[in-house]
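Presented sequentially are two complexes of chain A, the first with chain B as partner and the second with chain C.
Take a look at the complex of A and B:
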């Protein structure tokens, strides 16, 4: 419905004419359609075992000694209060005593104890781990999620209404984004909190607004959209409208119900843990069931400069419940083989406990060696890759650099590491770094693939 | 009780406690201080000082270096933590019930027969009131636990105490704390109340205003969002100098970025117009203002953090008035043992020349003329090598100033982009050192040194060189070259400012000589608590100079009453742990201990005293060795671990289901 009068007609003509040139400027920033520079090579969805990735991002850098690389033999100044790590259901593999549930699933995951990049700054290290690239160079590369969104998202035939790259719940910002690639590959951060009812997903679920009211609002908005109607024939506007329709389908249709955790039995919700992380794991499982290719759970609170042991005691049981439930459920549903789980943060934490003031029992940043855990999607479980030294301070065996871990994931996903990334300046940029890029690599994780 | 039985009991406790201690030793409960407010006072006065830190319970007094200051403990504030608060509330309920029962108020399950009523004694009353007071101190989660406790002292400075910088430590029965600076001044001082005792909340505090009379020193503490203002009357033509000390008081904070209170000061007129502003004084984060007052009237000085942060340890001292302030000296040093005439530049100075008495080789802090107002000191470098002054116009190889090694050149980069070139003859295979001392002597110069041969080919170059011995420097701007000359011939050494700056204050001392291998020794920390053997509380660190690779033997110097096995720091190492213990005859108490390092260099034995230091962390990452005046060791064999006053905690524990907190037991 729109209003026609003499003025509108002439304005419409002007607009129509101007739009072709303006559309790129006006629309591109808000919604990109990859029009500027489509991927130079768009691989057909290659047959890779893995179809989805759930990244559990341990924001702040989790202490490797207090999680997956315990060192009780190094003495109290290193292991602190956690002196009795537990055996897992894989003989010879032991983890922190505060992770008994995960200990029962060690056959599903493998621990990498020799992650290294040597950087101790949150932002720099986050960038390095999430992109596999060196920081501070000319280009800002996309993180793994954006790359997977490129090769497994709509450009590759993904037709789901849920965006292909979802972040639960807070985005980390520029360290886990699309870099020089277009905004189309940025993550969709849900916002809200899955432990609240309802889980208020940004732009999708608004508490207190029924579906019919949403649709009525859409109709009202359409009726006011004179530009949309004036320039309805413009291809950019058509695409814009189509996307808008898709968004509403997501909001009002079934697809958006993936975020509705009340659909799960209470017993299941309890098993994951009625906390933000636990419920995020549950939502992640539901997203994988719907075929979403990349999900990041941003798990905050691991930057334990002070109160390291108190914080571990409070948070590790929460992590244990959520992560083990996720592994169990995916395995039960036959989804573990096609879903990669990647647990890790930007670095580890100083093995020598900082007993002195003002830390009074904390751990600082430690990028020289730290741990990561991978499961599913073609990764073998029950293995330990690499080792740190007796105190957990340096790499002892088989360093694993960020690009090695990411490269392994891409291989399992069937993403060609030498494929080009679309670059708006036309620079030759590839999925994985090569020797000439000056990025350290020790080879992908063939040991567990 | 027989003395040995008394000690036996304690000794047995100590023996029994040892294995438990060994485990719990992990959670260090060493008393430590984080700020002092005010960090000084006027001589001839008595005033209150708040010292903040952690594990300060049981503080018995304070130590000051130098003469003429004494203090006594007046009060303490130990915030009650949630565990203790829960126990205290339980106990308070018990006492309240008891009081009600004693007054005949019928309570559930309790009889009201007078003969069976409990008696609420005076002690019960006292305990109840103590609990009320301690619950009032309940802080659920102090913003920075390491500085949440405080001790209040009454400090008296004698009228003839030497003005200048001292150190203060708190003393507890088990050990003394780390030191912090404390100034003896000559001007009247004011000090704002510590934030805990102020009425306003800690968030977005309105500016604190005070009226003062110049000249004066004001002391305060900036909490988050805090702005402090000092109003004063000034006369036209007055040469106002405002010197703020913030980083000087707390040089490194481990859990804050950049690692100190980044103070900024403004001078405003009574209309609120800003007349002057300073953030850093050259490279020093502490601001200094100089302004000629334009007209009689009211003015104000305002201080706040550069981005309005605040914390208990953001304390400051600002001296204001027509105070003498030296902005630069030249030369920056002189020949050891010889009197040196130094030219002073600055504001409100009595004289532009100053004679420095002969100093032993090394770095000295020379007191500057203070006109009875404000005492400052200059860093002065004395060396045994021959000294020359820079000649004019030597900014190219053609006009280079020829020198003969070994020598120390006193020069200046007098204007922007100036280049100073020196030439000397060298032999093939000869090792030479070119070392700039400028920033370490408070010069703003950011030197860069380039060594070239006669053909202009660069042999060596250096911009910044870290000196672990300069613990308060964060920009190690002084250049250093140690290199072997490739051939016989003439060599050119070019010195300039990396940033292209210059001016009369951009002074330097440039040493060109053969290597003088040497070492410095630091011992950390500067306080220790000793109960017997089996502890290695101290660590020695060697700073090797001019390529010294020899072994350093570390031993006690004097200090009867203590034993320390000699420790050798071998050529490839820089540190070692020191195991020191009191002799049986040494009574409990606090003692200064001296440690020296010995090495053989070029066939001669060289002895250097170890400089006590604190190994401080800055901004989560960097570490610095900050020197202290003395190493003080507390012998505390028969002192029980710190306890909180009982306050019914024992009784509460009987019935409490909450786990008692570890502290205070």
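Take a look at the complex of A and C:
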């Protein structure tokens, strides 16, 4: 008899569903994957150089002048306090003086100084940068992470217990990551804070519940599962039991240990920086080592309308330590060749400093030109793509639109830009926009691929 | 032939001698409880229950006898009270409600409980939720009803269910209404679809009210039905997002209009063809209309349609028990399409009140209702139950920033008016996205993610530790046994067995008392017994 087939949940489905859906349950009402939507298509990405992406999302829009596009020649009203950019290990490539560690690794990354979309609102600019589409259209497209999750995730044979698209630690917010695609392509948001011990990954590590209590109450649960025992032959109960076993693989088994940074030497943790961003970089490295295809580090605090320079002095050293350690460790492990690092936010910031109150040395939103950094996975290091003008206000040279950068990543990942995205209305929707969509493009980043 | 199965229950071996044929020598049809006695599995079954057999039971048992399949005994009162609450009102009984029923000595207390539940406001909430899935009540993508219209539509459905509006009138209003989406709510039936072509409308009508998938019909059959909907017009007004649905005589009838049974229709000039269709569909004796709703209501209560899947009725997908379905249809039409009466008919049967614990696996038993089927609770029901137990609230959001998205704190999930308003919990547990109206859109499949959330999330831990009914029990001056009993009644709607009490006592002795009681609640919330209708 084949009655089991109707109701049973196969072990593979269970595996696939492990942490899926847990996302954002700590942040009320955000969610990664829906419960059980089946894929409309079975997309498979061709073998690309890149296997994983680590997206360092600079939430709020970091000042390009104070990071990777310094303009000391524009004068104090533009460069503010940062008048002495430093040389990197690539001749002629200068970056902000507060990034000395990253300066030692410039051969590993390239700077794009001519990112542009012209949009100055957080929501719509985030949408444009992360989807490569124009904002305000009828359809809401999925972001790059959801697209990679589609083509590199469980539909494409990924079988890890950790979901294919992980966000450290909170979802980016302000837009729906999966767009019109099923919620199952949303990211798993870890919650918690990796600088705390233990890192309370939602569902995996329950703070305040000791390991011994965890085991004791599991035994208690088993001894009180009276119906589960009485109806043990029922396929519904068997599916329930199987999912419980999978959950415990993450709670008490090895699978969840990927989040346990205490397994790293203290010196390593120090090098990354014992702050949320630094330890997130360390966790991201560990996730890439386990084959997780897309990790977003949602790095907040770059919307520096007020006191831009004080904020930069506080945050750039953290960014410098975490990101440079990540580059170095991935390179040392031979993983940088197959891992793309993408640094950037939704826009840059106004080059002219607003010294007056209430800003007191702040910078506003600036979508006309801003910077992004890419490394690894087939991107060449040590190059500067495009340029902004003398004051960092406009694109001077070789504009790069969001879809150009995303399209370049897809190319390196082996994701066909003309492939279909599953659309619940059956509308013909594709991975990348074409000329008919009215999206501006200046071509993918061939010069660094 | 005698089958034999061993079932291990909490360290006790309980042998059950399945006896498909014993005691069925001609008296089967009036048999009440099959084989009471030591075979009964406590606390889920009881030997001393008397529920009079009904015509439904005669028809079900006749079919089971033909197949040589036997079902388990009737469920215990503890199982029944929980089952009836969850099925009829989508709500967990409180500890007091469970206790009251369990101590009720009246012989017909099950029947009386069914009557009480059908009159509760939550009955309307819960069944309006089921209807809202089928009718795709959702403000945003892909049906795009818009918040005010979704609210109006839901309110109309809720009122219809609460007032027990005869089902044929309920459907007629949806099929034939004209007017504003804000003020004439049933017109939203024609808006809650992903396209407005006559074929799409016909498919929605066939799926919802005939349980049929017209997209698989031959082209001419679909075209014949689509003709009835070829003069549905839509126009906007000066008010933002208001839309009028009307009989648009400027459009030509895309004829010929042919009823789905192949009979050509006569549509007079100036006559709204939707009315012609409704007259045909709602006429007593129509082969599709009553069958569909009886089959659906049966499946809502018994977990599976007599025709399975319920929304895939076709000639080559016959009912597992045609006499049973025909009987329900006759009773339903004779009752003037009385929905509550139909529920009552099913709920009072032994078939509905049978135990869920099958002794041997049998696909035949499943398809022929030998036992009540185990089913994971609906997302909304689990959410509400956990909130009720812990005295906490769920937080809801909507993608559309509208005034209606202000949701009061006490809002229950089953009463959410709009599919666009949701919570992470509801998505994780597979609530219907309300995109297509197919019953399979709702997923009650367990996933490891759901288990992780309930087993180990800070959310659930915080809920268990918060000040609610559960904490009140834990903080009371009662004895250990009374506290454990209260926790059991609060979560599982029954008293603990001696074995369970012993296991809890042992746990309490080696753990901090307060932690132990929280862990007890945690363990019960994570049991199959809590998470499944059984």
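Basically, the second predicted complex is superposed on the first by the 361 of 449 C-alpha atoms of A that agree within 3 Å, B and C clash if a C-alpha of one lies under 4 Å from a C-alpha of the other, contacts with A are read in each partner's own complex, and residues count from 1 in each chain.
Basically, contacts are C-beta pairs under 8 Å (C-beta built on N, C-alpha and C of every residue); 3 or more make two chains touch, one makes a residue touch a chain.
What you are looking at is a predicted structure, and each value in this text was computed from that prediction instead of being measured.
**Student:** Taking the superposition on A as described, I'd like to know which of chain B and chain C A:243 touches: first, second, both or neither.
**Tutor:** In the superposition, A:243 touches chain C alone.
**Student:** Using the touch definition from the top, say if A:314 reaches chain B (first), chain C (second), both or neither.
**Tutor:** neither
**Student:** Does the superposition put A:357 against chain B (first), chain C (second), both, or neither?
**Tutor:** first
**Student:** Going by the contact rule set out at the top, does A:446 touch chain B (first), chain C (second), both, or neither?
**Tutor:** Neither partner.
**Student:** Using the touch definition from the top, say if A:333 reaches chain B (first), chain C (second), both or neither.
**Tutor:** After superposing on A, A:333 lies clear of both chain B and chain C.
**Student:** Touching A:223 in the superposition: chain B (first), chain C (second), both, neither?
**Tutor:** Touch partner of A:223: chain C, not chain B.
**Student:** Of the two partners chain B and chain C, which one touches more residues belonging to chain A?
**Tutor:** Counting contacted residues of chain A, the larger count belongs to C.
**Student:** Given the complex with chain A, which residues does chain C contribute to the contact?
**Tutor:** Touching chain A: residues 7-10, 41, 43-44, 141-142, 194, 356-358, 360-363, 366, 373-376, 379, 395-397, 399, 422-425, 427-430, 433, 435, 443, 445-453, 455-459, 461, 497, 500, 503-504, 507, 510-511, 515, 519-520, 522-524, 526-529, 531-532, 534 of chain C.
**Student:** Spell out the residues on chain A that touch chain C in their complex, using ranges where they run on.
**Tutor:** On the chain A side, the touching residues are 1, 3, 6, 9, 14-15, 17-26, 28-31, 33-37, 140, 176, 180, 183, 191, 200, 202-209, 213, 216-217, 220-221, 223-237, 239-240, 243-244, 246-248, 250-251, 424-425.
**Student:** Within their complex, state which residues of chain B touch chain A.
**Tutor:** 23, 26-28, 30, 32, 34, 53-54, 144-147, 254-255, 620-621
**Student:** Sort out for me which residues of chain A touch chain B in the complex.
**Tutor:** It comes out as residues 76-77, 80, 120, 305-306, 353, 355-361, 364-365.
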